[in-house]
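Chain nomenclature is as follows: A, B, C and D, assigned in order of appearance, with residue numbering initiated at 1 for each chain independently.
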Amino acid sequence: MTSTKDFTLGVLTSGGDAPGMNAAIRAVVRTAMSNNARVLGIANGYEGLVNGEFRELGPRDVGGILQRGGTVLQTRRSQRFREPKGQREAIRRMNEAGMDGLIVIGGDGSLRGAHALATQGIKVIGIPASIDNDIWGSDIAIGVDTALNTIMEAVDKLRDTASSHGRAFLIETMGRNSGYLAVMAGIVCGAEIVLMPEVPSTVEEVAQSVEDAYRRGKTHAIIIVAEGANIHTTELARFIDEMDVGFDTRVTILGHIQRGGRPTAFDRLLAARMGTKAVDLLLADQTDVMVGLKGMGIVEISLEEVTTHERPAALIYYEMAKMLAR
Amino acid sequence: MTSTKDFTLGVLTSGGDAPGMNAAIRAVVRTAMSNNARVLGIANGYEGLVNGEFRELGPRDVGGILQRGGTVLQTRRSQRFREPKGQREAIRRMNEAGMDGLIVIGGDGSLRGAHALATQGIKVIGIPASIDNDIWGSDIAIGVDTALNTIMEAVDKLRDTASSHGRAFLIETMGRNSGYLAVMAGIVCGAEIVLMPEVPSTVEEVAQSVEDAYRRGKTHAIIIVAEGANIHTTELARFIDEMDVGFDTRVTILGHIQRGGRPTAFDRLLAARMGTKAVDLLLADQTDVMVGLKGMGIVEISLEEVTTHERPAALIYYEMAKMLAR
Amino acid sequence: MTSTKDFTLGVLTSGGDAPGMNAAIRAVVRTAMSNNARVLGIANGYEGLVNGEFRELGPRDVGGILQRGGTVLQTRRSQRFREPKGQREAIRRMNEAGMDGLIVIGGDGSLRGAHALATQGIKVIGIPASIDNDIWGSDIAIGVDTALNTIMEAVDKLRDTASSHGRAFLIETMGRNSGYLAVMAGIVCGAEIVLMPEVPSTVEEVAQSVEDAYRRGKTHAIIIVAEGANIHTTELARFIDEMDVGFDTRVTILGHIQRGGRPTAFDRLLAARMGTKAVDLLLADQTDVMVGLKGMGIVEISLEEVTTHERPAALIYYEMAKMLAR
Amino acid sequence: MTSTKDFTLGVLTSGGDAPGMNAAIRAVVRTAMSNNARVLGIANGYEGLVNGEFRELGPRDVGGILQRGGTVLQTRRSQRFREPKGQREAIRRMNEAGMDGLIVIGGDGSLRGAHALATQGIKVIGIPASIDNDIWGSDIAIGVDTALNTIMEAVDKLRDTASSHGRAFLIETMGRNSGYLAVMAGIVCGAEIVLMPEVPSTVEEVAQSVEDAYRRGKTHAIIIVAEGANIHTTELARFIDEMDVGFDTRVTILGHIQRGGRPTAFDRLLAARMGTKAVDLLLADQTDVMVGLKGMGIVEISLEEVTTHERPAALIYYEMAKMLAR
């Protein structure tokens, strides 16, 4: 094990931001401190790594950020880091700053970047953060629980008004390739219908389900549509409007609201545990792994595995959503 | 003054629902009880009035509804009530049920219906409830405060994520003819730009404001667009995307979420005061008036006046929003 | 496997209520329906079982309850059910009503009652619901996540005002025998100090920690005290007030607020999964088990085991809370 | 009118913090900027004024504070400022810094301090901010609406659990001398009983009301007790517990939670309007006045009047609370 006395670690957030990223940064800094290691915060993700945008972070620098959405380190897309030249420049910057290891907090693309650095000899640990929950190797990523609660609170409000009229409400959630948020929202909001990218439907099938709900005596229909579903929200709205079933339709597009908000207790705890574990692994000379939640435990998974596997769709929950909506 | 011993009053909610309608129903029922009057709840607005969908409401029937969004009496559009024949039928139903007076909770159209009944000899009192705040004669209607807080909380979440990236966010609020919600949201959310129906803009002007914000050092731009603004949200998004200013744009359409949610303290208090006053007026033999908030007091305004005046746009707040955004 | 055609199952909630109980009832009813089984809702917990307070529940009866706190079936303490005579009476009532099995949603005591019935030949499945998270055999019980978020939101508000003054805030959480909520709240709220029943402290130690926090430059101190901690909240407040460290103290006792509120997404999902599984087990002729969350899966554990083991204290999290507070 | 070119104004927050103070600071700074005036932020209230803790505030310095509770300028009690010597020192500091006028945001005591400075020749404008709503001359102060919503949300949660058991809940709100928050909370939460300092009661009267509620068929009782009521919360709880009416009692002490949280739309708007007006008055050579809300308008009232009058109790609302609780 490295003597942690002179250990300097860098931490960056990358990709789409997720609530809880700040809680993870805080846990990294405070755990490092308690191990006498030094932390350099890297601004603007990989772009800041290439540019050398580093500043030292002490325990007071992360005071008061636990409950804030977004990321105090900022995040940005970096075209330059995708090229070998940009990565070499990043490595040069890290060496120059005396950085002994790096913690990367982000989604799929960010973890691929982390793996690329690790294969070039940099010690890197990844922390999964992405509201889409599309990362292999962790039961759940930082940000998912908050996003799901945000969607749920929005749909709860729709329900209030839905039951005062006879209406069909379409709510578009995030998820270009993953229906996770949509289907889980379906269960926790008691939606009548869920559309997800992994399960293509036809407008006729949806129309049939709406009509069935109506016949079962439902006074309204809640339809949750993942951004990446094969039928587009507004197209579907038009179709249902033209049906003869008696439901007016109304569309809500939640958009980036789903990325914001104070992180939930679950996300703060997950971020605390993952941030703590990531520092422990780095100080124990580990590299090229991601920390992940498996059951009650925080484990490590090789970044090779994480970046070469695709998370399967939550089909069992899709069926559960259907059954509970009856 | 009528002996209230045998007084029977009806209460209905009509038009788009607004948070606080239930609190108003509760206040009507409890105030009537304390004056020994009887209350008939009318389901489904004017449609239920035409159909005679009445049921007696006692104090326990309105227990636990204070904090609920929507309306337990339901609301529906009624084509039949717009015709003189439908109105005659409604009056027949009211007479049959021994209804001595009616309280109508709703927006502009609902109050016009109330006025129509009053001119035919029915004792009617109106209570303004509409999230658009487009009703003449009351500083504010029931539901506006809740809707404004709902928009604000959504924009607060966007801000978390906006400041982590460099982005322009467009949020579409309700308000087909009235920019009240949009402009007030502009002030309370610190939006950079507000578009309202009463103040037409060009995309070029908006683009210029976005660029100015960028030059003043803002890391993001929040743009609030009323549903009825002369530029459509998605059109505007496309235009800003194509600008060279460096902001990505993202669209949120809040939709009917704005009608839902538990009413705020302000809306519950307003509903309590208006409901109480409406019953007092009815029992004091008044008719053809709406209760309204004027400063700290609840006053009455003739429905004739209410239904023949248009509420002016909140232009002074439009200027304030601009100044505070700098 | 029993033919589910004629299967009749009863469901009750018992003990202290927990957010998500309604979501569990809904899942039980809807899953039973989809298996053609019949459901009798039992009012007022075991007291209602002894009294035969049963009514049939159909799919529409559980519409709109998913998002509500508390329990629509009510809960009550039952002295009579603790006696063998009361239990015999309950069994008689169940037989009379043709009940083929029972699902009990509740905490430790309720599960002991379930086990007692099972040993007398009744088919019983337990579902753990208790905000204290003191039940053996499930990683987490229904209601814990919501309670934790409720505490967290309260402490987030204190933080706003705490950092405007130099103050020490004491927050008393529920937990007579278990410090779970207190210690988890400590982590997710970034509390400076946590007091839990399982780790006795002296006022002097606490005072020292407050002084240390002050010396490390903290502008305020958040102290979370479990109801059952060996030092009482108000006693501790008085002691810190008299210290010379410069912090005024203020006390908040959250009380039953922690039991209320709309269930979070996590609790609704957990309730859906547990309710579904409980019905599946009952229809598969299982008895005398509790459903529990183990990692990502819902498993069954014998009620014998559940009721004879004590859940260990969350000491590892106690250490984590300490480290992250520095 | 003073040429605003060279005008320098100071702004401080003082006394107990109130949500919306930051929104007021932001409005002061942005309005000053748009009038080419300069702003010095004074840290730590009057104590900072005596110490000369000044720093210039530009438009970006108040970015992102609109939605934050507490006050970025901090607040502190100042013993020194109460003495003439301290006030002279403060005036010397202001002159030294070239301060042409001062805006004081705070409660009763803070406004008395402002008046004291004004009578010594300093140009001072007051802005009322206090969750107690105990300030003469403004319909409502900054912070009241947020505090009331915070109390309401807490009581809404209690209601969820209250109706699952048969219980009496006592909730202690802030208000040592003023029952405003308690009585308004009584109306908006539908409390069965309210105790306020201005209306002394006996435990027997309260007990009678609890019993009456029980007899009217209420399944629970919500009792709101202002901090300064003549009967103490815990004493009352003990008394009701010993009654034979069948309600268990549970106590919640909200404490400083009521000061925290993101300001509501109402408070942000009020703060924007008052902050804007205060700067306008100062630049128009006015002094020794407080801005206040009167109906829909923001007006000025002499600080002499404000500090020599006591706001009357909200007795009309006390009666309304009673009537609506039946």
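Keep this in mind: a contact is a pair of C-beta atoms (placed from the backbone, for glycine too) under 8 Å apart; a residue touches a chain by one contact, two chains touch by 3 or more.
Quick caveat: nothing in here was measured; it's all calculated off a predicted structure.
Asker: Based on mean C-alpha positions, I'd like to know which chain lies farthest from chain C.
Answerer: B
Asker: Could you put a whole-Å number on the gap between the CA centroids of chain B and chain C?
Answerer: 39
Asker: Taking each chain's centre as the mean position of its Cα atoms, how many Å separate chain A from chain B?
Answerer: 36
Asker: Between chain A and chain C, tell me the centre distance in angstrom, where each centre is the average of that chain's C-alpha atoms.
Answerer: Here chain A and chain C have centroids separated by 28 Å.
Asker: Which chain A residues sit where two or more other chains touch them?
Answerer: Those would be 156, 159, 163.
Asker: Can you work out from the touch definition every pair of chains that touches here?
Answerer: A-B, A-C, B-D, C-D
Asker: Please name which positions on chain A make contact with chain B in the complex.
Answerer: 17, 19, 68-71, 74-76, 150, 154, 156-167, 169, 250-257, 259-261
Asker: For the complex, give me every residue of chain C touching chain A.
Answerer: Counting only chain C, the residues touching chain A are 26-27, 30-31, 33-34, 59-60, 63-64, 66-67, 139, 145, 148-149, 152, 156, 159, 163, 184-185, 187-190, 216-218, 262, 264-266, 268-269, 272-273, 276, 294-296, 320, 323-326.
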